[in-house]
Amino acid sequence: MSRTEARTTLALPDRGEPLADRFRATRSLTESLLEPLSEADAIIQSMEDASPAKWHAAHTTWFWETFLLRDHLPGYRLFDEVYPFLFNSYYEAEGDRIARGRRGLISRPSLAEILGWRAHVNEAMDKLLPDPAHADLIRLGIAHEEQHIELLLTDIKHGFSMNALGPAMWDAPACRQPAQCEGWLEHPGGIARIGHQSDGFAFDNEGPAHRALLEPFALSRRLVTNGEWDDFISDGGYDDHRLWLSDGWEWVKREGIAAPLYWREGEQFTHAGWRERDPDAPVAHISYFEADAFASWAGARLPTEFEWEAIARGQDHPGFDSLAGNQLNEAAPPLPAGTGELFGDCWQFTQSAYLPYPRFRPAKGAVGEYNGKFMAGQWVLKGASCATVRGHSRPSYRNFFYPQQRWQFTGLRLAQDR
Amino acid sequence: MSRTEARTTLALPDRGEPLADRFRATRSLTESLLEPLSEADAIIQSMEDASPAKWHAAHTTWFWETFLLRDHLPGYRLFDEVYPFLFNSYYEAEGDRIARGRRGLISRPSLAEILGWRAHVNEAMDKLLPDPAHADLIRLGIAHEEQHIELLLTDIKHGFSMNALGPAMWDAPACRQPAQCEGWLEHPGGIARIGHQSDGFAFDNEGPAHRALLEPFALSRRLVTNGEWDDFISDGGYDDHRLWLSDGWEWVKREGIAAPLYWREGEQFTHAGWRERDPDAPVAHISYFEADAFASWAGARLPTEFEWEAIARGQDHPGFDSLAGNQLNEAAPPLPAGTGELFGDCWQFTQSAYLPYPRFRPAKGAVGEYNGKFMAGQWVLKGASCATVRGHSRPSYRNFFYPQQRWQFTGLRLAQDR
Amino acid sequence: MSRTEARTTLALPDRGEPLADRFRATRSLTESLLEPLSEADAIIQSMEDASPAKWHAAHTTWFWETFLLRDHLPGYRLFDEVYPFLFNSYYEAEGDRIARGRRGLISRPSLAEILGWRAHVNEAMDKLLPDPAHADLIRLGIAHEEQHIELLLTDIKHGFSMNALGPAMWDAPACRQPAQCEGWLEHPGGIARIGHQSDGFAFDNEGPAHRALLEPFALSRRLVTNGEWDDFISDGGYDDHRLWLSDGWEWVKREGIAAPLYWREGEQFTHAGWRERDPDAPVAHISYFEADAFASWAGARLPTEFEWEAIARGQDHPGFDSLAGNQLNEAAPPLPAGTGELFGDCWQFTQSAYLPYPRFRPAKGAVGEYNGKFMAGQWVLKGASCATVRGHSRPSYRNFFYPQQRWQFTGLRLAQDR
Amino acid sequence: MSRTEARTTLALPDRGEPLADRFRATRSLTESLLEPLSEADAIIQSMEDASPAKWHAAHTTWFWETFLLRDHLPGYRLFDEVYPFLFNSYYEAEGDRIARGRRGLISRPSLAEILGWRAHVNEAMDKLLPDPAHADLIRLGIAHEEQHIELLLTDIKHGFSMNALGPAMWDAPACRQPAQCEGWLEHPGGIARIGHQSDGFAFDNEGPAHRALLEPFALSRRLVTNGEWDDFISDGGYDDHRLWLSDGWEWVKREGIAAPLYWREGEQFTHAGWRERDPDAPVAHISYFEADAFASWAGARLPTEFEWEAIARGQDHPGFDSLAGNQLNEAAPPLPAGTGELFGDCWQFTQSAYLPYPRFRPAKGAVGEYNGKFMAGQWVLKGASCATVRGHSRPSYRNFFYPQQRWQFTGLRLAQDR
């Protein structure tokens, strides 16, 4: 498959497809993203937050083997007895695992062996895919692998950015950024219905559905751009303590932060290497601390996750989960009219802490460790990014990160009281 | 003044008093708490979170000098040009200051010199107290000093706890703990009015007043006790990862946490030294991580700050801000019927992250650094503790700490969905 | 080339060969050691002390390019302008370089590209090799690459040891360990001639030759064995503070040290994976702290570097620099009578700090950074290990490491006062 | 006692006095140095290397109680059962002790209680002092307390230096610094007798006496001065990596070192507060790394400990252990002709690592932990400083510190090969 095809493939899976097709498309997408990588590329781990590409390929396979095949396919035997130790991520209930910071040392099994494992598991899954009894777990597994596809992309970008050679994963077309739509989406306030409510798949943290009370507000139709961020920098934004949260100011001073991640003079690092920075493109790779400081500087604020979702639900967006804009493309692509305002390009920080919804209960067993145990100290992000698999996100989707993290495609959209 | 008197004094200031009287009573209370301390006791700093008692006495004085006398009393000259550097806490707008962890090195000025400074400032303040133009700032200054009185008490307790001699600040009477009231306070849900709304003083973070939507719930009439915590320990609460948030579990493992702070076999450390632990007294000195894990173990949850406040406002508590229970007494004192459920003994963790209320705007200038800039990564606590100055707290009061901190008198009260 | 051949090759270079032949044999040896490694194996970096195998292959090439080709071959152009930044180790005079801990992130250039660079440099070197004007620098470059060959072997061993799969670099023959020779080599004391004194190559730190005054002493004919170390452990050696230097005791407690590196129940990790531990084989992978504590426990001491060298020079060892014992073989190989006592198997700790010899002066320029600037806090080791290239070491050779390091093949030989 | 007297007293004890008199004079000297200190001054601990003044007063008392009274005075009972835990320094054989970094938290017992303990122990010691069986231990105890007197002075200086008020312990007379003597002391080399050899007291690490072989060398008659150090700075000494050991260069970069400790523009911090810096006075408060770099810059080197001692023994210095120069005076005092070259003013770095002399054996029991266990990673300093008790040092004396430490009065004297 060519590099261009790999990028196209990222947008392939579709919610309308039969589950077995989606399973295969997702597995295949992971594998296609490994193609531009050498065996060495696939093992680098540039920080504890990031994991090697090979590890993502293996961990997603471990998930299928552990939660589906081992538990539900009679007679299935583990491909390798040591792999669960090597490729469990954080499931305490599933036993010991290697320290997170040592994932970059697993040179064996080789990438070829992991691909062999993937094929083996894919084949074994053929026997479980038709059985509706496993549909829920299979949907969870697909969503899980979709999340790791995005992490694989952001992690390898971070790893490559550490290399003075500035390696490219593929050639990106120089895409013209049209003027973004302007203005504000107004909301009159009132009681909004929040959280997952349809029959489709959702993570446990998106429910239960519940009501939230909103005051009148407005949400910007567009994301903050690189050009506006340049203005923030020129105006001394990184030097004015009054704009910053106390923890954020300490982070700025300690780490010497003075620009978004991956910025250097006039350029930014992308999957296609160092590229000229487009002032009209949305700013990305900023932390919550930076988003909050920018909003203060701009005389606005971040939206709450409830405001964001209320707007998303109120919109006429017939195709928001099959966005053409949601391509793996670092410069923001042209967005179809009326749909692209909220999804695609960048995850958007809200000012909502990542906490349980009313009456939230984690699922039983190891699967229950999926989301609930991370509800401390993180912030909710809404939308989707250019690295999000098409159809993965939805209005109720809650992404979450710590306030200093910024290696994801994270940006911001302003809100105002009305 | 005797030690018993010192404890009585802690309860003296009353909201009904003229402002000048409250000012003098608060200043005098700080000074009375220094009396049992030697010059050496007053300088120890046992961790970066804590400050020396002398530093609290000085910093509160710096606050009056900086925000009232320097800015508003014509002709006032700083008592000492170096003191602002030594005793500024975190106000970036007020310039440089010594590193927080070095406050324990300020052996000079002596305690006597600090007391001299206090007298000098108290006297100068006499000229500003009658002027209603300064009333708001004076109320802020009093509330600020009241907060530092509580910190002084919790910080010196932490410092003393490090000493193998187990020093006592004073002799506490062995107080009989009556059976706490039992049962649940029921709330039907609906829209509650939240935040500060009367004419009285409040911190900026308590407003603006706004509406919050509640689902039906119940709040325990009493705090969780030492005896119940013993059961949690016996049942393996500190060893079962399923009860813990991920960050909490890491904290437990890294720090070797296996009991509340200040516990040892059958005893707990108090301002009166090591004392037998009363199983019927409220548990104190626990972190948010522990409170959350306990609630999970108990099949309940922590209340939100909105639920807690709604209950507090719905209660008939004619005297909740002159609680007899709100004494500096480490074993929970007898509570007057119908009032003691919510205030006194311990600050109570909520599951609400410390975030701005809708339409919140920090004040301009250095005073604006008071609360808003700490709105990241901390949790709201409600109520008041045995070390809170009587009349300091109120239903809208929002205390806040990081999830691992536990040197304050922090406890928990369970909630349940209905 | 087969794996067995790779091991044989390690012993190939010979001091008697023409310089050009030695150059080619050394370069070829490095390359042969990369053969059993995958692209991923060649990039892992398991700690800051260790470097990836590919990095060793590149850095040694950088050395030839920088100090020979760039400076002495007219018209030579750098193979790649970025490589000096990526592959400089510590030469401040040669400019910036990537942080040491990030060497494991250099997935590009690929291993194939590095091998291409090596071929390019090897070919260019052909023009300089015959010129006697460069002989000294060429000898230094060969010695430098030999050192990195040993590091490559110990670093990849450390990396593999982190992998739960316990990968093997090659199959080692199960080699029978004959009883080591017993007894003591006696020395009457007096003035010994120390340091490099022949015409052959030596590092700057081996000179100037000078006199040292020795008291009568004896040096053990053999190395301490695994079996003796087991006795040390059984006797509580790791639990008795009286045996340890203060810094060593702190290290033992902090790191939880209770056995040599790479030991587990009855086994030790080798280049051939986990193997049964031979009680008669020399103990390896111990720190200075451990060596010193063992000597105290045994009622003996470590020799000084001067005592060791005096013995080495006094021996009749016609072939000590072409030792059959000096093979890359983790279980100690059979040693030829009369030669194997001092060289091979393990580097041996002395009680001498690594300091300059009288009248030592570092060379001018970047090459002068070779050894002198490390003369602080390290200890001298003498001899050679099973991973030392045959002919690399000599009686005046001074290896050096920090007292807690133990990922090299480090062992000990006891001494006694007479 | 006045402050001036306190300084005079420091010079009082004399080796010729009866042992009981020396004991009392030493104890009294410690107490006199506490006089200028407040209770708060006496408890500050500015870094882990330093201890509070009160702790020194207590620890020295613990030494007498533990090694003399407890073991040798029938019927003696510990003054307080908890004190050994609080005031043991590092003697593993004497059981647990508080973490070193927490000595600054021991506000109780009070300074008055420690002085009471001192009086109690002094009185009890009256019964042991006349018994010659204890003379050796008593001499050790006196020497031990003398060492802590110097530490008390350097530790309180470090603590005061952290205070923006720049407190003074006493007023120092502005002392005129005469021109130091110039030139070199020549030594022809040969075999020197090294180590303690008379009947007087010496620490275990000063023996056994042994021979050392010296090459011809010269030692500067004077210490390097502040003015010369200014030249080193002006010449870019702190910016030129070529002058530095690798570990030293890393230390300079990491800590931002650009001048000796306690220097600021034109001034230096002293026991008398901030004072103008005298360019003719010896430079003090430098690390080994700095001393070594300066020597390289100056085209010289540091002497070995053997060279230094050989010169000291060869000199006609009838009164070197009753030096007038050895006063507690931060600006170098006038030195009596012919004696002051080596002792007084500053401890002088040698290039000798702190290692055991041939045939050194630590004493049995807890006293054996005195010196031997620190023989790793430290450097030997010779001479004595202005804060050394008169008569404490001698030619064989070996002081030792880590290469980055510089809060002692440490300076340097150059040497050259001949």
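Labels A, B, C and D are assigned to the chains in the order they are written; within every chain, residues are numbered from 1.
Note that a contact is a pair of C-beta atoms (placed from the backbone, for glycine too) under 8 Å apart; a residue touches a chain by one contact, two chains touch by 3 or more.
Not measured: the values here are computed from a predicted model.
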Chain whose average C-alpha position is farthest from subunit D's own: A
Inter-chain centre distance, subunit A versus subunit D - centres from mean C-alpha coordinates, in Å: 60
Separation of mean Cα positions, subunit D and subunit B [Å, integer]: 46
Multi-chain contact residues (two or more partners), subunit B: none
Contact graph of the chains (line, ring, star, complete, other): ring
Touching pairs - complete list by chain label: A-B, A-C, B-D, C-D
Footprint of subunit B on subunit D - complex, ascending: 38-46, 54, 82, 85-86, 98, 102, 104-111, 159-160, 162-165, 167
Subunit D - residues contacting subunit C, complex: 90, 92-93, 191, 210-213, 215, 241-242, 244-249, 288-289, 292, 351-353, 355-356, 358-359, 368, 373-377, 403, 417
